[in-house]
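Some structures are shown below for you to check.
Next, two complexes with subunit A in common: one pairs it with subunit B, the other with subunit C.
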Partner chain A sequence: MGQLDYVILESDRAVVSGRVLEHESSGNAMLAELYRAHIADWPKFFKMDTLSKVGFVASELLLKQLSERRCGSEEYISNRAIVLFGTTASLCADKNYQETIQDIDNYYPSPALFVYTLPNIVTGEIAIRNHYRGETSFYVVEGADAAQMAFHLSCAFADDRTESVLAGWVDSTGNDDFKSFFTLIGKDDVEGLEDKIKTILNKTNI
Partner chain B sequence: MERLIQCIADNVVSPLGLDSVSNYESVKAGRSGLKRYESMGNVHTPFTLSRIDRQVVDDACSRIGLADGRYTFFEKMLLLSSVQAVRDAGIDASSDKVLFVVSTTKGNVSLLGDPAGFPSERVLLGKAARQITDFFGNPNSPLVVCNACISGVCAQIEAMRALKSGRYDYAVVMGADEQSPFIISGFLSFKAISDDFCRPFDKDRRGLNLGECAATVVLKAADSVPDDCWELVTGAIRNDANHISGPSRTGEGSYLALMETLRCCRPEDLAFVNVHGTATAYNDEMESIAIYRAGLIDVPVTGLKGYYGHTMGAAGIMESILSMYAVRDHTVLATRGFAVQGTTYPVSVSPELRVTDGRQFIKLLSGFGGCNAALLYRLNGKW
Partner chain C sequence: MEEMILKLKQEIIEVLNLEDVQPSDIDNDAPLFGEGLGLDSIDALELIVLMEKNYGIKLQDPAKGKEIFKSVNVMADYIQKNRTK
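On to the complex of A and B.
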């Protein structure tokens, strides 16, 4: 029962399985800096809202660490599920969108902003990037509870096509304020999952 | 022995009624909750909407002793529906063996535009859901499923898994969404809304209508499901991995989700597929492709958006419940708004009521984020 590889991505901190990634900026600028330094081939990144940017960069850093995006059978990769948790969900995007409809003299709702008022869009962004056609789910909970997360993550394997789950926590309370962790869970990791998640959570500020 | 999942109680609160029976009877009689509106708040583009009368909800809430002013309209819808379903189920909802699952896309988001005296934290979906569990005195943390338009099917699938795991014995699964200028302006900006009654699968379909509804199912884990009782057999969630706001041209995710449910039933045993059928050009076309690819082109297809509009977080639950009532009544409900076949693959959709002897149905949904979900319900036994 080994520990899980993980990525922690917070407003001014990026950690990949214990290794701190260097960066000069923080907040949204840090996300762009990490994107340019470590990813750089997905310009859709710049259209995303903060929640999706955080989830996208964190998932990319994790998959790069595991260097398995192009490994494993096509079926294994294609069936991968994405299951994310958070408390604030799309609140940041909701507030940004609300500003565009609050004042009748300054009324300019746009689909580009509105679509991100659905928190599960981040799961879609990651699925598109990686060609994952498995389950994608976003659960909103009252707080980061390792037992609750571990329970629902292990439930994901009840779908017998699901052999691995890209799992994580992602919250963004402002365009420069966010907290997240990402990890990859296989069927073998279900045993003792609560403790493994607790171990990661303890390294975060979530 | 694997635990089976039985649906033991249900409720639908909508403009068509405050319980499942009155909703079913209204739909069977062809009544719709849809009405045209010229404006709402800062929205000054006409739209057609199925809206619940606030006074009707307030009156019904006071009849069941829900203190006025304490809950938002969204929470009142959820409570009104779940209180009735829990009462009908006859379960002790304060037990730690009962899991509460809430399906919604936007919850209390209208508080961002008008806080109406509620604390700002109520816009958090977990806090809104906590109002419900606190009302029932349930000690577990509620789970909110927020998967855009497929949330109601996902909530039932997750509840099924939680019950099968053995940790819980019952799940109260509810869904609702309030239609406010926030959501209406957003769908208008997508040019996805029709100002006229929606026309699912029709060649002249011009977009969707939004709607308000709350719906609840109470699920029970059991060693066996008796004859003439409903079993939630299976379900699956799949992503198109194609586009965040446009359906897949191959119907990929819906096709994959359908194929998963078909591992547990034969197409000829299906009474019908209750589709998403939003009446947007892209959605209905995509569903027709997925249904064709899954070998279900001859299975009756039926959609309920012409009666309720797109009720978002409630859709997967309410449309499952109406489908259960239809199967019991040997009926494939008419697809209101449909007249002339308008998809590449000619799915078996009809503006008339049809007769069926099938005892199983599939509920299919798709949503933004490329997500798709299907589940299979079966009425056990034989006619």
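On to the complex of A and C.
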């Protein structure tokens, strides 16, 4: 059973397939530090909410890691699906937005915060960045259940288009508190997928 | 007016989260949209909120934003003439 490459991104650590990335900061500052050190060409990053920042940085680190070994055709990459899971959804962005409308005497709803008050925006940010045109989903679930995740990820291959899925867990309970893992799944990885996901989950604090 | 322009640039950088951009990087006459700062439609809405929140200017016709946000100079001039706070 081949193991999946992965990225684990949590409030105070970043791991790419077992390799720990060095950083000096934590939380949101760590995301900015990793962005500057490893990505640096997408200024829209700074406008994102924490959930999208985590998903964006994690996906970028993973795709960078895989680029030498999984170069596919333009069509293969364009058809890629994105399937993510999490428990807190966009609650963090919801709270930040609510602060802008809490006081009737200081009522200035922020459009920039409002656009992130849906959890699936993170899938859109990643799809736009990578020119993916496949299906995108964000499942809000009670907890990280490898069997449940494997089931939904396997289903993503049921159409005659999807050949790979960028998958993972992304959860943010505060602007500096987050947990996530990302991996890339091909059709060949579906067999034994639950165990492969369990293996990654066991390395996280999720 | 120069002080007003500097303050406006600082406010734009803050509300639009223009990381790594300094006031001196923004040309007073350069278009805010389409090139340069790479602003989008959500940024335009944030600028409308900024004008209301900081200067008491309620833009009744959002389409007017296209003219007002032509450059920092044009925006500052509009604020100077229409501010209520």
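The definition used in the following text is that the second predicted complex is superposed on the first by the 203 of 206 C-alpha atoms of A that agree within 3 Å, B and C clash if a C-alpha of one lies under 4 Å from a C-alpha of the other, contacts with A are read in each partner's own complex, and residues count from 1 in each chain.
Quick note on the criterion: a residue touches a chain if its C-beta (ideal position, glycine included) is under 8 Å from a C-beta of that chain, and two chains touch if they have at least 3 such contacts.
Values in this document were obtained by computation on a predicted structure and should not be read as measured data.
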| item | value |
| --- | --- |
| Subunit B versus subunit C as contact partner of A:Val141, first or second or both or neither | first |
| Touched partner set for A:Ser110, first subunit B, second subunit C, both or neither | both |
| Partner chain(s) touched by A:Asn120 [first = subunit B, second = subunit C, both, neither] | first |
| Touched partner set for A:Asp5, first subunit B, second subunit C, both or neither | neither |
| Contacts of A:Pro43 with subunit B and subunit C, given as first, second, both or neither | second |
| More subunit A residues in contact [subunit B versus subunit C] | B |
| On subunit A, the residue positions that both subunit B and subunit C contact, one per complex | 109-111, 115 |
| Footprint of subunit A on subunit C - complex, ascending | 15-20, 38, 42-43, 45-46, 49, 52-53 |
| Subunit B - residues contacting subunit A, complex | 41-43, 105-106, 109, 112-113, 123-127, 129-130, 141-148, 154, 158, 161-162, 164-165, 167, 181-182, 185-190, 236-245, 252-253, 256, 260, 367-371 |
| For the subunit A and subunit C complex, residues of the former touching the latter | 32, 43, 46-47, 108-112, 115 |
| Contact footprint of subunit B on subunit A as seen in their complex | 82, 87-89, 91, 94-95, 97-98, 101-104, 107, 109-111, 114-115, 117-121, 123-125, 127-128, 130-143, 145, 148, 151-152, 154-156, 158-159, 161 |
